[in-house]
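Down below are the structures I want you to see.
The following pair of complexes shares a single chain, chain A, combined with chain B in the former and chain C in the latter.
Our next item is the complex of A and B:
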């Protein structure tokens, strides 16, 4: 097989062919490959037009992306925690971190209990990737938030929350039988609402 | 279907019925075994509701004097309600408490977010721990109410707190105490009247033990609510 044309694999099946070369490449190359995979999956999840194959790409779940976004969000929100909340930075970090992972766990469990047949980690992966818009709004508000009145801060918050919710709702709703759709979708909505509220407040 | 001639004999019909029952049983196979409660399949039968069911059940909790709720859930207790009503409450407590603290004149506002772990612990222990204890006590005293029905009953009684939390936004102390007392009365009445049918079969002392447990837990919940979450009033 000719590997020279496949320098940048676009999915896992192409990666399988390159496994033999893993040990010989530089560290930066390995990291860049992983980052490219995350970026690809992020575009796939958040921009609805990319999803031509009905979500099949999500079968290649990974938890790196969710971890990066979770850590970024927790760090952004705990950055100014001393001045904006009455808790310490570590409290804020812990609350956000636990909220994201336990929240994703419970929402996925809820979908499974309602009769959805989905792989657990696939769903956690999707929910984690959809945290990215919340990340964006947290960074926006962290930098310019102190100069804006409360009402103006609401605008990016609402936009990003709607973006997150819209991206994940399509997937979650397709998992469960039609008469239980709203029961599966409401927890997703609550999860992102909670995170958006924190990015607004802190 | 052929209504004219009875083609099958009675034995054949019986055999068909048995085989179709078997198919149904295989579909609803319950997990058995000691650690069955750790599997997901064990809890799936308790999520067999639709959104209209849930809304109907929540509406039922606001009218405590009509004891229909237990009959409503007897055949189909669900766990979706208790879990997500409490999750919604946790969010609302944080949001409303923070909104109360907003003060446009202050330069560096400091919001409280430590309510999240506190509220989680409080609500989930009361929503799931109390029914555990109550169901054990009731089984011991001879009441025929299953464990999941008690959880369902208790979880839905928390929905009284939903409008109360929203109303707690206002700063007037007297108003807050009034609605807290109203909430306490509403949910306690709801629980007691729904349990009344079952409790009437017991002796007086046993009945009052159970009523006592219920009322104490509700009282502690509402007091905690008022004193910890919403006692902060801006100057």
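Our next item is the complex of A and C:
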């Protein structure tokens, strides 16, 4: 077990073994450690320069990051939604929520059925973290969108969509056999395209 | 009941309309604060699912709060409550080759009491069954949006229950292993003497 790199332990059991001697690790330490791991994984996923080892860090998958981003996106879009009836706001929330999780599930299933050998949760984790740029552009549009013409709004949408797609495609394409790369990558594009378009029109 | 176990305080059953909590003194639990949080988030999730519609008119906030309580409950039970109340944990790990495996472990030295574990298992099992019941009634009455939220609650509760059940089987296996080892040692010593 390698304890030298204590800032980023290689796996969960290494971190916990350090604390097994003293089981009274405080609750706040547990929470802070998990939050730091989420931030670290976010940087890892979204800034391609950090990836030197082909996504091995993603083996420490966690679904809390995707949950946070999914909730934030759903809340942003539903606050912005047409407020004539309250039911349409909650519809948007439910749609986004279901869309992200079911979409990630389907894309992962597609990659697995194409022969890719990846853990189901790792891939869902990656797709969830890559929703973060879409979060950013949804917030931008929510704040300043009403003052801008449509064409100007398209710019952050396209940039963030490209960022999400680029971050996730690298990982997904490495999973499947080379002649099936496009088949595995196409649903990922579709997934983020739909999310970006949805955040634009809502 | 085995009165040699620490932490049990058997009180006479009171004639009130309360459940088993009256049999055990919860303040004698080893971690009363953690027991409280174990119950608190479950209670909040049920409360917001059932009654928040009467308090807040916006369904959006209801959904947000229900999701938040579901996720807090899952996180608390998996990472905090399981470790302190019953000394078990489960998580996924990866082998050096890159394959993913699930680990189910129990801690040997940790101050536990029967109250803690009965609170843990009772409420976890009760909450899981209640959410499953709600999913069932929503399916029957075709309320699809409620199915989502009850379904998420049910699946998270059952996942935790399954994980900790597998941990406790490992714990029982270890206990049996220790017992059989001690028995063998005892027999050996009896034979030698």
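By our rule, the second predicted complex is superposed on the first by the 170 of 202 C-alpha atoms of A that agree within 3 Å, B and C clash if a C-alpha of one lies under 4 Å from a C-alpha of the other, contacts with A are read in each partner's own complex, and residues count from 1 in each chain.
In this text, a contact is a pair of C-beta atoms (placed from the backbone, for glycine too) under 8 Å apart; a residue touches a chain by one contact, two chains touch by 3 or more.
Keep in mind the model is a prediction, meaning the values are calculated, not measured.
Colleague: With the two structures laid over each other on chain A, which partner does A:97 touch: chain B (first), chain C (second), both, or neither?
Modeller: second
Colleague: Output check: A:173 vs chain B and chain C. Expected answer is one of first, second, both, neither. What do you get?
Modeller: Neither: A:173 stays clear of chain B and chain C.
Colleague: Tell me which partner A:27 touches in the superposition: chain B (first), chain C (second), both or neither.
Modeller: The second partner, chain C, only.
Colleague: For A:148 in the superposed arrangement: first (chain B), second (chain C), both or neither?
Modeller: neither
Colleague: Under the stated touch criterion, which partner chain does A:46 make contact with: chain B (first), chain C (second), both, or neither?
Modeller: In the superposed model, A:46 contacts neither chain B nor chain C.
Colleague: Return first, second, both or neither, reflecting whether A:139 touches chain B, chain C, both chains, or no partner chain.
Modeller: Touch partners of A:139: none, neither chain B nor chain C.
Colleague: Using the superposition on chain A as set up above, list the residues of chain A that contact both chain B and chain C.
Modeller: The answer is residues 86-87 of chain A.
Colleague: Touching chain A in the complex: which residues of chain C?
Modeller: So the residues of chain C touching chain A come out as 34, 57-60, 62-64, 67-68, 71, 75, 79-80, 83-84, 87, 89, 91-94, 98, 100, 103, 107, 109-110, 145, 148.
Colleague: Any idea which chain A residues touch chain C in the complex?
Modeller: On the chain A side, the touching residues are 11-13, 16, 20, 23, 27, 30, 34, 56, 59, 61, 64, 67, 71, 75, 78-79, 86-87, 89-90, 93-94, 97-98, 119, 121-122.
Colleague: Looking at the complex, which residues from chain A come into contact with chain B?
Modeller: Those in contact with chain B are residues 83-87, 91-92, 95, 99, 106, 109-110, 112-115, 149-150, 179-180, 182-183, 186-187, 190, 193-194, 197-198, 201-202.
Colleague: In their complex, what parts of chain B are in touch with chain A?
Modeller: 40, 43-44, 46-47, 49-51, 54, 79-80, 83-84, 87-88, 91, 94-95, 98, 102, 104, 108-114, 116-117
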